[in-house]
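As written, the chain order gives the labels A, B, C, D, E and F, with residue 1 at the start of each chain.
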Amino acid sequence: MLSKNIETFLGCENEYEESKIVIFGAPFDSTTSYRPGTRFASKAMRSESFGIETYSPYQDKDLEDITVFDGGDLELSFGNPEKALTQIEEFTALVLEDDKIPCMIGGEHLVTLGAVRAAAKKYPDLHVIQFDAHADLRDDYLGESLSHASVIHRVWDILGDGRIYQFGIRSGDRSEFQWGKDHVYTNKFNFDGLNEIVEKLKGKPIYLTIDLDVLDPSVFPGTGTPEAGGVSFLELLQAMLDVSELNIIACDVNELSPIYDQSGVSTAVACKVLRELILML
Amino acid sequence: MLSKNIETFLGCENEYEESKIVIFGAPFDSTTSYRPGTRFASKAMRSESFGIETYSPYQDKDLEDITVFDGGDLELSFGNPEKALTQIEEFTALVLEDDKIPCMIGGEHLVTLGAVRAAAKKYPDLHVIQFDAHADLRDDYLGESLSHASVIHRVWDILGDGRIYQFGIRSGDRSEFQWGKDHVYTNKFNFDGLNEIVEKLKGKPIYLTIDLDVLDPSVFPGTGTPEAGGVSFLELLQAMLDVSELNIIACDVNELSPIYDQSGVSTAVACKVLRELILML
Amino acid sequence: MLSKNIETFLGCENEYEESKIVIFGAPFDSTTSYRPGTRFASKAMRSESFGIETYSPYQDKDLEDITVFDGGDLELSFGNPEKALTQIEEFTALVLEDDKIPCMIGGEHLVTLGAVRAAAKKYPDLHVIQFDAHADLRDDYLGESLSHASVIHRVWDILGDGRIYQFGIRSGDRSEFQWGKDHVYTNKFNFDGLNEIVEKLKGKPIYLTIDLDVLDPSVFPGTGTPEAGGVSFLELLQAMLDVSELNIIACDVNELSPIYDQSGVSTAVACKVLRELILML
Amino acid sequence: MLSKNIETFLGCENEYEESKIVIFGAPFDSTTSYRPGTRFASKAMRSESFGIETYSPYQDKDLEDITVFDGGDLELSFGNPEKALTQIEEFTALVLEDDKIPCMIGGEHLVTLGAVRAAAKKYPDLHVIQFDAHADLRDDYLGESLSHASVIHRVWDILGDGRIYQFGIRSGDRSEFQWGKDHVYTNKFNFDGLNEIVEKLKGKPIYLTIDLDVLDPSVFPGTGTPEAGGVSFLELLQAMLDVSELNIIACDVNELSPIYDQSGVSTAVACKVLRELILML
Amino acid sequence: MLSKNIETFLGCENEYEESKIVIFGAPFDSTTSYRPGTRFASKAMRSESFGIETYSPYQDKDLEDITVFDGGDLELSFGNPEKALTQIEEFTALVLEDDKIPCMIGGEHLVTLGAVRAAAKKYPDLHVIQFDAHADLRDDYLGESLSHASVIHRVWDILGDGRIYQFGIRSGDRSEFQWGKDHVYTNKFNFDGLNEIVEKLKGKPIYLTIDLDVLDPSVFPGTGTPEAGGVSFLELLQAMLDVSELNIIACDVNELSPIYDQSGVSTAVACKVLRELILML
Amino acid sequence: MLSKNIETFLGCENEYEESKIVIFGAPFDSTTSYRPGTRFASKAMRSESFGIETYSPYQDKDLEDITVFDGGDLELSFGNPEKALTQIEEFTALVLEDDKIPCMIGGEHLVTLGAVRAAAKKYPDLHVIQFDAHADLRDDYLGESLSHASVIHRVWDILGDGRIYQFGIRSGDRSEFQWGKDHVYTNKFNFDGLNEIVEKLKGKPIYLTIDLDVLDPSVFPGTGTPEAGGVSFLELLQAMLDVSELNIIACDVNELSPIYDQSGVSTAVACKVLRELILML
């Protein structure tokens, strides 16, 4: 009590130097076109993580056995996407330089672009695996090229064809799906085919981005754009365990919007996803 | 901006004359016996429909490719069921006369009676397919014969035996189920047997009424009388696609109560059901 | 109207003397470590039970055919767990003495200890079946031995090894699971193996405790500590029907927290679980 | 605990025969044109009344010192205003015949008409004092003459000119105010002039109807049609004390809609108004 | 019903050409630094305005007697403040050119800048009256010069000293208040001194901007940054009537955030402020 | 970002050694008899304090000009009031020994007892000023002597007659008020007489306890037991400034329950009260 009040995600209380994994928040949602509020996700997850346990009966592992540093939240400018992305890129680069795994908590999905920029610089052969309800492949949204709805198109600008693998996609406009056919791997609705992709990507550096709205809205109502027909928590957990065999060099979870999570179940499930993600890295 | 503000359900912006489908709201809930509020469903669905896309990856169809007119809401008298039903009947008759498909957004389930009255006049051989958690087969409710809980009994008054097919039913009093055995086809809990019924009804004029509480409350909490043990969104979607082979001459979706939908997932799923319904007609 | 206002759980309107089953509320949540509020469960369930029917299409039975007395709520001291447990124990003992089945509505899970104390006195060979998300096997929580998180350990203090059977467990600290291996039967995540246990326990006196958070948070968000990855309503219902072949001499349902149930679906599902439980006894 | 569970408004636990005051609920809201939900007011008030004390420091009186019977709620037909009004009239007449003071909890404001019908039969010289935000003087609403928006016009049909005194009115259409000028006494916005009216009405039989939306929405958000610019709790309390010098032979409080009262402050203030009302009778 | 569904603010159903006043929504909140959501204000106000009357008993005027056009909402780019401001400026200029009074519904307070840009071009002698809880005088916020927190500083960039009059201010950092002393007129906490200012500004072209958070949070909880200690609805209404003697050539109401308005009272009060504002123009 | 994530109340970022004031949370609510949840107050206040400014225009002072240490929350045992009080007493004693002013954030009002125990040991002549809606003078509540409803009686056990001054009291049972007449100074409903008391207590060591429910529920809905008829924010602020002339050696603010504060206005006003309290010490 006589040292300052430190608040971290559950069990992530190590010093930076000793940690293998670095979690941090990117509280940005300025391009959200429908219901904003993901800026509050990282704070809510830290606060509510104490409702779950450090031990996972799924993996039989405990957060207390591994070293994780929680750096708190980046202070990002609202209303200036390019500047926010630069701040994210710089922090991610710092962590990657120290050979640690950055694990970012969004924010809207656009924040992934900042982290991928840094990761692609260090790992030119970077591949991206995306779990998401939305394709996010537009070239622009109402004229803006930096948008949550175009983030994976922007990632493709960096990585090019054959580097992006999408699962769970169940929403997009027709042109997104058409463009996607030529440039990215898209598995609609669920995780079918994931094992083959994992087999194929073994040894490659992987950026894993989990848009939590891949979950069914019954499981995860607290998000800006709920899309019926999603996967269950156990399906997502299994998919995460499947990709854990790969060389994940950075990752993020995003699109929790606590404002729309009156019962708290969405924040609780986001915390559990993050716990399992950290434990599997 | 210099023309008046028009608000329609997503992508339903055609003129009446050019449209094949006519959607309209019937904001009535005066006989609701438990938790009222379905009067706000059509407004909420119009407003929130912009959170989903016009394109359906399930059907590979787009609302922009078909012609739909949104006539707004009927102005119905609260506290006077007979008068409200007459207003619904008259409007539905108008649409049917013009050889368009009326697609009504309830309101409580009683509104179906108004539309069925009109449809049965035009199509004496009308059959009704009902997706619902509740049998709605009482002869009266607290002495009222016009009630959400007796609406299908009233429909039977018009159509008689062998014309009504219920699926997903998981609530009712004992006498409803007993009476139903002699007069309607009831498949409890799920959509088992739907394919046989579809086969049997091919060519007949069909009124399809979807009480959204057929969905599990986890998927669709925003309704007056949530009943655990319902179907998933994908099960409902498949059932809808199954009946789409039939000659659906009118339809409705009902019992969304936005008041109880704090996270917005119920309205979002209702919008998606309506999108898929319109696309399959 | 000229007699006082009596409020009971749906259809449980018999006099004490004529009843086989006695339901009562134990509105206590003082040791809840995360989000309190289960003290309001029994009141909410009585009030909202009128949104469901007395007839169960699952069991084809009706609450009106059996005799149940609703004794209302015990008046328990907040902040004094030992005293509250004694009050619960005394009332349960009274009901058991009269050869009726006590069916308690929690409250936090600790209330089970009071009822088990009474049941174990009358039935020395008592066995406990627990449906729960949490192991509840800690020896203490922050130094307190009487805690919702240690209630089954306290039950074990009374019954000893081989008497406790847990299903659905998906949360606990590592030491709980380790201790549990030597002292209780634990089936993680679901109801696998329940039929074998039922076979084995035939004829034994059984106390059945249902912590409703065994349900997935999508089905049952209104609880203090939601844990993703739970069972569905139909899975829980089937498990209940499976154990209904046993000699259940007392039971409880607990951990509904209406504060976190803004849409009311959790209270509705709790009412349905209680209806099915009463009908199967 | 071995007698059935009785739930009354706080401290109103006397038998009918021994009581001077009879409270009862009229859970009806079928003509509500905007946001329904007042049907739940009486249940919520009984349940939440235990959050306040029986003792009033304002009047230095205690509910335990007087005799009040709580008859529970009338079972009213939804969707049939005339029938519901008849049920209310009959019960009110019964209470009046026994020389007790009926004190009704609405429900929408239309319920007042049922009680006034009974009161005017017993007391031909009946006068009505109305505290309300809305004039409620329309002749009909969307063609319905029995409506919450026309209830005081209907009361005037019975009583005629010079018998109705409105205070706090701040909403109505222009024609209501114009019609009102010739037929009722209306003091807009506040309670100015109440003392003169009290002086004038001394000795007359008075029906006091308190539409709780006379309170400012900051104090009482939980109502169907909140109107900014209302009175404070202490202003309402003073006005009630002012009229307590009159011969109040029946009264009601109405228009609490617990659905819109997420924090519970509206139900709490309604309970306090009812406590003070009972104590002053 | 056979023409498309038109939705306007209550009673604002005139054509553009015939109207004296033009209302439109500016649904932008990308620079909001704390709780976003004002983008939904104009839609919510149109939808909920039907809960109030067209007639004002305060002014004895009726919306049906004047001509108002509701142009709906501008479609603004999220995440690009400069572009959004340009869109607002262009539309406002169009309305001003036609000698109509633009009346904008925000959005965050930054939207005022777009409208002031247009107004200052037409009226070089423009003066601004601001009712607000926050000074909004920062030069930048986290480095961004276009921010809701710096909007009045940006307005000063255009108008210069002696043109801006603030009332109700009760929040800001110290430097804002210090800078303000030299450049704008600031009356803290309430409307003291407003009459003198009105006297002084007679005949000048006035832009009136009402940040609704000038109201006390008890009256208006539904806003991003509630500040205790604000004015009452009646105080705001009186202040509005006071300035109505001036030559108001454009105005706005802003900062309603319906997400935080669970009971709906904030939207209702915003509607009433807008009704009174339109009636007084 | 490379040091651990520190979260303090707005602007309270000094080290312990250099600070004059020490704030800390006492998240305990086990004896709350009605609606629990105050355990979450201190966390919510830290998190939401960033919605207000460090500068107070009321006092023209800034949190950045003074030294305050935020020690985070005590880890208190739920369900064991005596142990929790001991923990609070020990921490408070530590702070007092270092000649700093402890400023505790409750929790239910019982936590005051722990701090007063420590303060009375150091300052035998301690006097207590209490701003509160409730008298809290019961000798016990349902048999428990350690209860939020008896906390001031317990304080009297330590301090004796003539040492306790209550303001704003508007709820209690009759016996509390009667007992209080002989033992404490009670001013009902408001702050009348505060100036005389301040004059009388000059020079004495004062413990100031602010139960935030002294505020009207319109201003402060987020509390367990809202009591209509309370004071406004500005009245409370003035009362605080009045007592700031005294020698306040310790203080607390308590009874914020964020669960019931859906709009966030209660937490915001609590933050502002705490800011003003710290600035005036």
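Following the convention adopted for this analysis, a residue touches a chain if its C-beta (ideal position, glycine included) is under 8 Å from a C-beta of that chain, and two chains touch if they have at least 3 such contacts.
The chain lineup, named per UniProt: A, B, C, D, E, F = Agmatinase.
Everything quoted here is computed from the prediction, not taken from an experiment.
In terms of the stated touch criterion, the partners common to chain A and chain E are B, F, listed by label. Common partners of chain B and chain F, by the touch rule above, are A, C, D, E. The angle of the rotation superposing chain C on chain D, based on CA atoms and rounded to the nearest 5, is 180 degrees. Residues touching across the chain B-chain D interface largely coincide between the two copies, over half of the numbers being common to both. Using CA-based centroids throughout, the chain positioned farthest away from chain E is C. Chain A and chain F, compared by their mean Cα positions, are separated by 41 Å.
If you average the CA atoms of chain C and of chain E, the two centres end up 55 Å from each other. Multi-chain contact residues, meaning those touching two or more other chains, occur in chain E at positions 35, 216, 218-219, 262. By the contact rule set out at the top, the touching chain pairs are A-B, A-C, A-E, A-F, B-C, B-D, B-E, C-D, C-F, D-E, D-F, E-F. Those residues of chain C lying in contact with chain D across their complex are 1-8, 13, 15-16, 24, 43, 46-47, 69-74, 91, 94, 262.
Only residues 29-33, 35-37, 39, 75, 77-81, 83, 142-144, 146-147, 259 of chain B touch chain D when the two sit together in their complex. Looking at the complex, you find that chain E touches chain F at residues 34-35, 169-174, 177, 188-189, 216-219, 221-222, 225-229, 260-262. Those residues of chain C lying in contact with chain B across their complex are 50-55, 57-58, 62, 216, 218-219, 233-234, 237, 262-265, 268-269, 272.
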